[in-house]
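Shared between the two complexes below is subunit A, which pairs with subunit B and subunit C, respectively.
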Partner chain A sequence: MMPGWILLQRLLPRIAAWLLLAFLFLPILVVIPVSLTDREYLSLPDQSLSLQHFASLLNWRAGWLPSMITSIGIAIASSLLATALAAAFAIGAWVHAGRWPTAMRLILLSPLIVPPIIYAVGMVRLWSRFNLLDTWIGVTLVHMILSMPLAVLAIGASLANLDPRLVQAARSLGARPPIVFAKVILPNILPGVAAGAVFAFITSWDEITVTLFITSRRIVTLPRKIWTSIADSVDPALAAIAAVMLLVTIVGLLIRMLVWDGRTPNRS
Partner chain B sequence: MAFLDIRMLRKTYGSAVALDGVDLTVQAGEFVTLLGPSGSGKTTLLMSIAGFTRPDEGGIVVDGHDVTFMDPEDRDFGLVFQGYALFPHLSVAENIAFPLKVRKWDKARIAAKVEEMLRLVDLTDYASRKPKQLSGGQQQRVAIARALAYGPRILLLDEPLSALDRNLRESMQRELKRLHQETGVTFIFVTHDQEEAYAMSDRIAVFHAGRIVQIGAPREIYANPQSLFVAGFLGGNNIFKARHAAADGTLTFFGNACSRPPRFNPAVHGKEGEVIGWVRPEDIAVGDPDAAATIRFDATVVDISFVGSAEKLTVTTTDGQELTLQVPMHFAVDIRPGAVLRCAVKPEAIGFLPPDI
Partner chain C sequence: MIVVTNFRRWAIALTVPAGALAICFYVLPILQVLALSVTEPSFGLGNYIALFQNAAIGRVVRTTLVVSAMTTVLTIVFSYIVAFALVQMRPGVRRFAMFLVMLPFWISVLVRAFSWITILRRNGVLNSALGEAGLISEPLELIYNQLGVIIGMVHYMMPFAILLLYANLTDIDGRIIQAARSLGARPFTIFWRVWLPLSMPGLAITTLFIVIFSFGFLVTPAILGAGRVLMIAEYISVQISGTLRWGVATALSTSMLLVVAGLVALAMRHPAFRSAFGGSQK
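For the complex of A and B:
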């Protein structure tokens, strides 16, 4: 009688874990059959599978391609800026540990704490005063601010493993600050900087709340385009774009895993 | 004129005084140790010499040039840390080559110098290893080789051996002494470990509360502490109280009166009443039958502890003062707490201190 009970005791957590994983992942996969529907509205395929909705993504006038380019452009620009600023702040705080860096860090991390909708209201007021509503610069700057926290955390985490005395050691050996940065600090925190840049890119890529408030007709990011097309129609192209994004994400994760795991043995 | 000349250096952090007017002169090629408990200012002084701490007042002159406010990267002083601070992404050879590349030496010259430094610290076989693959002692040797590679005028060492275990520390002390002799570079060494200071230094500067309270050769400092702090800080010293009666010229301590010991000077140590004396544990003999000119007293054993080379006894004298003394292991076999021992000490072994300032 005991073996059965023990088996159950061992299996139950496993089954629960797999069910939880399925619960998290299956709803995402549902976009794949829906994207292949042969009908003109969001539905599961009826008679046959069709790639027409993927084709319509490539149609410039449908607006998906331009919004994708807009999103990529803004995401690249804002993530580069956010990563550079986050690295500058994180390194500064690491070198001059103390009360002020801690306070600054709290301010920088505030976008993680303040609800985006509150942020959005504030940004609309501020940006209208600077005439930055519905402009490239306005959206890029907002996305940069929103993606700073994750970049600061990622870079800060890799600096935490580094001895701050390396800076003093390098300077005593004759290296000026630019060389200390390029030859000592950067090579040691590169994985953290890369992770920070990826986080920043993703944050900008799927930011919607604040973007909705500060853009209208000129700047249409991909999330905004998805949002408006849900509001006016139930175009299956939505499912197609979701399937594409899913694919890109999975490929990205695979590359990251391969590159990182391939590197770890050499690094230790 | 001295090679390194530090004058009236003062540094405060808020209300805390780290350096309270420090004067120090060091000759070229000297090995000087800054010794003191943590927070006594020795590391602040080292960092001021290195250029990472800006003093509020005073100046540092090296070889006739004022370097007080010079950037650390221009000073050409090597710096070695307790935590090694090796560049983790570079190999041993690349770490040593770092200061040479910064100085834009040509490749052949760098390769030759790295080779020479690796040989100097006996790490030729480890050139291509990463710091993480080395033991603590090996890492510290790399750090020293890196700091000496470009021929610095002064090597500053900030508790470089504290992270190593005891045996390794002793062999590194010999290693440092050898490197000091072979290179002829001026070494300034910070430590809180007095044995380390004795083993290597030409001179020791004892720090207390932001000041150098005594400076001199190791034996001189050990034999002649000039203040209560130095006497207590160095070598598990016994500090005791005695009464000086000026009328008949006697000192009373440990329950008996004796005439003034040779090192007692009423003008310095106290004209009348209570005075402070010290005696080293190794200078107190137990049950010594001969030697006429000794001061004898009885003491009750309180505690016995084995310290490896000897037994350490804690005893109380008849006037209630606690003393530590050392006896050979075989001697302590019969001794139990509560036993009364006949102790003896030579008058010339007893030192005295001026009333504490």
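For the complex of A and C:
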């Protein structure tokens, strides 16, 4: 009716949306000024900016560096395993969409829905029976299982774009099955496999809920170290590690956006 | 014909390693949880009866339901506002807005919980700022209570919900909106009578996910509640790492799994869900 009323109807949702976007984004940025504090406790910088808390991250005995190396090692091992398994599975299920692959797909994807605490309860029992609590292999296997869903989804998405006639052509030309899988299908879905590997790596790198229960003293991943520090103290080194992770995420995201926009300019 | 079966056999063989590992190291441990709930410490439904008789567990369940419900409602309303605005934005602006959504999406849940601690605690950033501005004389209790847990959980769930809702909204045919506009519908009518009904499948599936995630969430409630807002997942964690009451822990886990399975089964009866879940069976 009145132009003012209509303007409000259009403007109000947009203002609300930007406020909510600020709610999502701004609170995370707080770790940057706090990480630069010159005090010994968690606070905004008082007199001057200081890099002392970043320096303390590099101190081996403070434990941040070892836990980062632990996390990277486990993430590399578990994501390589998960990606290889997920790629084999996705290709097999794409060629033969029978009852078994469909059922297996549901099982492989279920960690996305089933609360991780339930899986943690189960794994504590299983690993204590096999003496795999607090071991590299125990954590790597669990991370591998938890990384598979996203890898299967990413690889499955790129298979969905693959023309089945390519496989038919290769087979009618006499290519044996292993050659079809390795030399025809796999090269065509490499972007999906790479995306799956990145998702798997990040899943393992971030995993906390299950890791918390199947590790204690010997295997301290970075999330576990952060978890204990949050519970124990208000050490500004925590803000420094958070700031580092934030910057890495921003850089990774910008690279991804640039690569993505460069590859498919008409899509977003 | 022999060539076909041979090829199929190869394909099935490729699915076996992942499937077998998932059965050994995912399905079996979870089945063991179900089994333990009726055998530990003795065979029978004793653990489940205890769940209903224990007043502490009753409180934990109530807290979980209240916090999950609040989180879901707030997340869905807020995320819909953002997703709806994203659809209307110009591509350049949208890319920037998407960045603001994707950053929290990818950043560690621990970093986010830590940021909220820094902001919301008694002598945190927000209380100091409000104090210095003279708006409050006493620090506000914003954390280590339900309010803090809900703030943290909504912040955790929103990027996920926005991305799901946005995917659904972009699937809506723009010509329907144009048709409504050219027939003289006012913006509010278009929203109420066209956008909202067409968003229902997306809203339903997003709600399902957020309910399930909130219900079983451990990290954010544990950190921002600091033991004062005890939800089911943290209660289970205390049972298995502290007091070693496996019967209670597994019975609660089983109940939680049954609720999640029930919600998914209920949702699967709706065609929109079936297509979303079974989407990639070619």
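Everything below uses one rule, namely that the second predicted complex is superposed on the first by the 244 of 268 C-alpha atoms of A that agree within 3 Å, B and C clash if a C-alpha of one lies under 4 Å from a C-alpha of the other, contacts with A are read in each partner's own complex, and residues count from 1 in each chain.
The working rule: contacts are C-beta pairs under 8 Å (C-beta built on N, C-alpha and C of every residue); 3 or more make two chains touch, one makes a residue touch a chain.
Just so you know, these numbers come straight off a predicted model, no measurement behind them.
Engineer: Let me test your reading of the model: by the given contact rule, A:Val142 touches which partner, first (subunit B), second (subunit C), both or neither?
Structural biologist: A:Val142: touches subunit C, not subunit B.
Engineer: Applying the document's definition of touch, where does A:Ile179 land relative to subunit B and subunit C: first, second, both, or neither?
Structural biologist: In the superposition, A:Ile179 contacts subunit B only.
Engineer: Looking at A:Ile6 after the superposition, I want to know if it touches subunit B, subunit C, both of them or none. Which is it: first, second, both, neither?
Structural biologist: Only subunit C; A:Ile6 stays clear of subunit B.
Engineer: Considering only the touch criterion stated at the top, classify A:Phe130 as touching first (subunit B), second (subunit C), both, or neither.
Structural biologist: neither
Engineer: Can A:Asp163 be said to touch subunit B (first), subunit C (second), both, or neither?
Structural biologist: A:Asp163 sits against subunit B, while subunit C stays out of touch.
Engineer: When the two structures are overlaid on chain A, which partner does A:Ile113 contact: first (subunit B), second (subunit C), both, or neither?
Structural biologist: second
Engineer: So which one touches more of the residues on subunit A, subunit B or subunit C?
Structural biologist: Comparing subunit B with subunit C, the partner touching more subunit A residues is C.
Engineer: Just to be sure I read the superposition right, which of the two partners does A:Leu24 touch: subunit B = first, subunit C = second, or both, or neither?
Structural biologist: It touches subunit C, and subunit B stays clear.
Engineer: Is A:Arg171 touching anything from subunit B or subunit C once the two structures are fitted on A? First, second, both or neither.
Structural biologist: Touch status of A:Arg171: both partners.
Engineer: Is there a shared patch on subunit A that both subunit B and subunit C touch, and which residues make it up?
Structural biologist: Overlap of subunit B and subunit C footprints on subunit A: residues 171, 268.
Engineer: Spell out the part of subunit B that touches subunit A in their complex, as residue ranges.
Structural biologist: Contacts found on subunit B: 50-52, 71-79, 81, 83, 85-89, 98-99, 102-103, 132, 143, 146-147, 150, 156.
Engineer: Where on subunit A is subunit B touching in the complex?
Structural biologist: Checking each residue of subunit A against subunit B gives 162-163, 165-166, 168-176, 179, 183-184, 187-188, 268.
Engineer: Once bound in the complex, which stretches of subunit A touch subunit C?
Structural biologist: Those residues of subunit A that touch subunit C are 6, 9-10, 13-14, 16-18, 20-25, 27-28, 30-31, 34, 42-44, 85-86, 88-89, 91-98, 100-102, 104-105, 107-108, 110-111, 113-126, 141-142, 144-145, 148, 152-153, 156-157, 160, 171, 177-178, 180-181, 202, 206, 208-209, 212-213, 223, 226-227, 230-231, 238-239, 242, 245-246, 249-250, 252-253, 257, 261, 268.
Engineer: Would you mind writing out the residues of subunit C in touch with subunit A in their complex?
Structural biologist: So the residues of subunit C touching subunit A come out as 3, 6-8, 10-15, 17-19, 21-23, 25-30, 32-33, 36, 78, 81-82, 84-86, 88, 91, 94-95, 97-104, 106-119, 123, 125, 128, 155, 158-159, 186-188, 212, 215-219, 223, 233, 236-237, 240-241, 246, 249-250, 253, 256-257, 260, 264, 280-282.
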